[in-house]
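Working notes, structure below.
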Amino acid sequence: MSEETHVPVPYRTFILIWVALLILTGITVAVSRVDVGALNIWVALGVASIKSSLVIFFFMHLKQESILFKIGLLTMLVILAIFVGMTFLDILYR
Amino acid sequence: MSESTTYTGFWQESPRPGILGWLLSTDHKRIGIMYLTCIISLFIVGAILGLAIRLELIAPGETIMGAQTYNATFTVHGIIMIFMFLIPSIPAAFGNLLLPIQIGARDVSFPKLNLLSWYCYIVGAILAIIAIFSGGGAPDTGWTFYVPFSTQTTTNVNLAAFAAFMLGFSSILTGINFVTTIHRLRCEGMTWGRLPLFVWTLYATAWIQVLATPMIGITLVLVILERVFGAGLFDAARGGDPILFQHLFWIYSHPAVYIMILPGMGVISEIIPTFARKPLFGYWAMAFSSLGIAFAGSLVWAHHMYASGMSDFAVLIFSFLTFIVAIPSAIKVFNWISTLYKGSIEMAPPMLYALAFIFNFAIGGLGGLALGAAASDIHLHDTYFVVGHFHYVMFGGGGFALFAAMHYWLPKFTGRMYNHKVAVIGWALLFVGFNVTYMTMQAVGVAGMPRRYYDYLPEFTTLNQVATAGSWVMGLGLLIMFVNLWRGMCSGRRVGKNPWGATTLEWEVPSPPPLENFGEEDPVVTKGPYNFKGVVADEY
Amino acid sequence: MSIEHRDDTGARFGMWLFLYTEVILFSGLFILYAMALAKYPAEFSDASHKLNIYFGSINTLVLLTSSLTIALAVSAIQMGRIKQTLILCWITIALALVFLINKYFEWSAEISHGIYPGSEQLAEMGPGITTFFNLYYFTAGLHGLHVFIGGTLIGVVAVMTAKGKVTSDRYTLLENSALYWHLVDLVWIFLFPLYYLLYH
Amino acid sequence: MNPLTNPTAQAVDEVLIYIFGFSLILLLGITAVTIYFVIRYRRSKNPEPTSDVAHSFWLEAVWTLLPTIIVLTMFWYGWVNYVGLREVPEGALEVKATARMWSWQFEYPDGRRDNKLTVPVGTPVKVTLVSVDVLHSFFAPAFRIKRDMVPGMETYVWFTATEAGTYDIFCTEYCGLGHSDMITTIEALNEEEYAEWSKPAAPSGEPRGLIVINEQGCTGCHSLDGSEGIAPSLFQLAGQTRRIVVNGQTKEITVDEDYLKRAIRDPESEMVEGYDPMMPPYDSATVSDADLQAVIDYLLDKETEPAGPDAKQLLEENGCLGCHSNDGSIIVGPSFKGIGQRQVTVERDGKKVTLQVDAAYLRRALLDPNGEIVEGFAPMMPAADYLPEADIDTLVEHLLQQTGD
């Protein structure tokens, strides 16, 4: 039973991540003003995914956690994708 | 064990005396015993309702209750048996009793959370019981809460749905606790390859509890919101889609089937090696098939919906995936039987229940093939065949596994042995009555009798009467079994550490185990879980 | 002989597992959203225009900033700077309040326009727009509930920090509350573009 | 389960027999091997295990692969025959089935309605399924067909009856109190019987006047049901008064035969107030005098109006009898027996009110059943607002005559 103690993340890193998040938010808002058809929703989801990755890896310290945490997150995301994706098998082909 | 006639292990050792010592206890064994008590009590209530349903169906027309009472009865029977009995039965009761000991830990990772989970369970159960007797009367939606009926009926669906939500929350907390415990608290030498298979199945189950249960939570909340605010998310007239409810419902409720059956498979995987005195055949195949079932089980929910109006393309995909899930289950059955080969087989009561499990589960599983194939499901869907089928899996599987576990481990946790002859009589009645009841139900379903009918056409009378008669034999078997276990617990002969000659860690501590399980020193494991060399059973 | 058993990594892992359940809980609503979007793309776009993008954007900034402050609070306690930790916690709570107050005004405005689940005015706008607003209210409502719980949690931890029960080598409680708070932020990161920024 | 010759049943039975056959072999195999092992290696005979083999790659590979192949054939067979259940043969007779709590209504292409499904032997029938309230499911065991009926959605099943006879239809999706009474039948008739059955509906059909109205496209501007359009509605004209403009003068007249004749032959001379003069005149070359008379008779509701369905038939067709008995017994709702002179206590807006049953009350009870709930009963009756006004009148009149005993 190994105890992983974390080195404190310096304030600077967090503030940089925060700035990046604000910029990405700006991009989301800007892109939503341009009409690129069905792509809009995918761009919005894509930027949101990047933002959430930043939050998860840095703010939530996933970067410092062991592989177990990462596999757990991956499992959850795979299951989530299955739930959403396979429901579409019905809705899109009905 | 003469010096220990007054020894009572965790039953007496507690920081607080009396009833508070139980209600505020964070000891996993005490919580397990509390779960077991509640689960068995609710099972008895559910079983009585089940017998009442069968009695109503002894003849066409109204016999002992009217349509509304009947609808409420099967709904409450379903809610109790699924949410309050099967889902918590083996994981919450025996999982709590055994998981920490089997991995060499003193308790679970979050003992306080464990107690909280029990309180959520109790609150859920109490709310469900209040729902039966208050408001617009007992819910009459069926345990599936299908919309739009559940949003229109005037019965007490809100409270019942909230009760199911609480029970789900309890299940989630147990799941979180078990996953963390298995990852973090294995004792020295307890590698993944040395975990008892019961722990493997609990691990797979706990993941399902964590990842699938929230879905039923949000679904039931939406049903309540629909009833309170008239939101219309599932109402076609207001832009909703009633079939989406079924998707969300089964996204949880199909994996829930595996919450009910996987730990049962784990129990069987413990019992069979012990009474054959041979290592379990294909350890890794068994371990991975548990994970495989848990994963693949979350891919097949819509096979409950072939006739629902869902797209034909979805039928194709979900039917295919359903057959893929059949394979790990088949592997398990073959491996259990191979374990018997050239073993030294003792037909003790737990073994009888385990073998009955394999037989019942095989019938349930094979019946599932006919339901998984698209064409044949169209005929069988929502008939009594389905009722028979899922009772074979849930009761013949999950229920029999629980009874097997009780016969196998109660001597460990009470320190006393029940009467074996009476146990065999109870088992025989239960097994025969069970098969008569549910095999007949499958037959009447193939003949075309729809489920949830309180009245039926005269052509179905004979088969229904056979099923009802079978339910009485089964009821008698249950009665004998429970009385025998109860008497054994109170006044049976005392047993030593290891009455069956089993190998996992719980058999190396005294019966009943002490508080914190292992005394001063943590155990160190040096061999696999099913190494019978030099293991001798204690006399009792 | 109750043994003091401490497993910080285990506690964090348990918290992560709990967060997975939260994600799946929200995903039920997101599934409904995805299916309805596939069915009513144009109506969803129209409905999205009716939401006030300024309220949404300000709340996004508020939540992102609060996520930063609570992350800084964790670093602060790791470095033993109790006073900074406390200040950062209180700022986070203040931002949570700002978020909720903002939400209150936003919802009041919409409700005064007759847009709320089950309203007749909403029903007249047709099934697509009705579905959008129902989902919006339930998703944002569930999220708001989480903001409230998260804020309370941080408040409790801040008090414990002040009392010295959370210290520089015993800060799992703060860390887990922070994880919970980040989840609240994560949900909003998806909720914001899906509800406020939907253009065709 | 008798062997059945109809195509859908055969498709399903093939799969069922295939799967049940394999399942039986597997079950017997597993059970036999288990019993053999248990007896052969019992502890009294075999006190110590004689083998400690704990795994075998090849054995496990075989019993993974073999079942995989078997179940995949099951999947494929099941899917292929399922597709057969979904593809309706060409030339199928189309019937619309409407389910409501707790009754069935079948509507045939010629507009006639019935609570039984009557079909000819040998012709494929496509049944379009709709539900007006909650989920129901159409299940005909003899044809092995089943499909849920979902509100807001149209589903379908098809079947061909190859033998004359009566076959059950069940509702298999739980729909509340009357679920197990929601049973009706398919009446499969052979050729002559079917011709006989379908006869009376065909000639009686529509009255001549209505045919003319439709042929001339009058309904493009004039509604027949009272709804407003670009021209006055033709609904219930007899005895109505209209304000008309003649030579710039407004006067009030009563609609009668002469007025209608003038209005059709020379519409612009007398315009109904508030409408633009845009209707073309219909001379005797376009509409013969006989047809004109037929139209006027129809509009004034004279003899040619086809007798509306009688009340008993309405009660049966619309499933009222599923909940309300004629004999005084309580099924789900109050009985019809004696309803015409009964005093009832109802709950209205949360208050209890006792009132004498009269026409107005019965009308409210039909159109907004849950506005006033009779004491002791649950609010679950669906509104009959889909029925034409005339049918409501018929029902109210009929019910008022139910004086009991």
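Per-chain residue numbering starts at 1, and chain names A, B, C and D are given in the order in which the chains are listed.
By definition in this document, a contact is a pair of C-beta atoms (placed from the backbone, for glycine too) under 8 Å apart; a residue touches a chain by one contact, two chains touch by 3 or more.
None of these values were measured; they are calculated from a predicted model.
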item: Per-chain Cα centre nearest the global Cα centre, belonging to chain; value: B
item: Selected pair, greater C-beta contact count between A-B and B-D; value: B-D
item: Gap in Å, rounded to a whole number, between the CA centres of chain D and chain B; value: 42
item: Whole-Å gap separating chain A and chain B, where each centre is the average of the chain's CA atoms; value: 37
item: Chain centre separation (chain A, chain D; CA means) in Å; value: 50
item: Euclidean distance of C-alpha centroids - chain A vs chain C, Å; value: 15
item: Multi-partner residues of chain C (each touching 2 or more other chains); value: 7, 9, 13, 17, 20, 24, 27, 31, 35, 39
item: Of all residues in chain B, the ones touching two or more other chains; value: 183-185, 211-212, 215, 237, 241, 243-244, 247, 309, 312
item: Residues of chain D engaged with two or more neighbouring chains; value: none
item: Chain contact topology (line, ring, star, complete or other); value: other
item: All pairs of touching chains, each written as two labels joined by a dash; value: A-B, A-C, B-C, B-D
item: Interface residues, chain C side, partner chain B - complex; value: 1-3, 5, 7, 9-11, 13-14, 17-18, 20-22, 24-29, 31-32, 35-36, 39-40, 117-118, 123, 126-128, 130-131, 134-135, 138
item: Residues of chain B touching chain A in the complex; value: 183-186, 207, 211-212, 215, 241, 243-244, 247, 251, 298-299, 302, 305, 309-314, 317-318
item: Complex interface listing, chain A residues touching chain B; value: 1, 68, 75-76, 79, 82-83, 86-87, 89-94
item: Residues of chain B that touch chain D when the two form their complex; value: 67-68, 71, 140-142, 146, 148-149, 152-154, 235-237, 241-243, 276-285, 306-309, 312, 315-316, 319-320, 322-324, 326-327, 330-331, 333-335, 337-338, 340-347, 355, 358-359, 362-363, 366-367, 369-370, 372-383, 446-448, 450-457, 530, 532
item: Chain A-facing residues of chain C, complex; value: 7-9, 12-13, 16-17, 20, 23-24, 27, 30-31, 34-35, 37-39, 41, 53, 57, 60-61, 64-65, 67-68, 71-72, 74-75, 78-79, 175, 178-179, 182, 185-186, 189-190, 192-194, 197-200
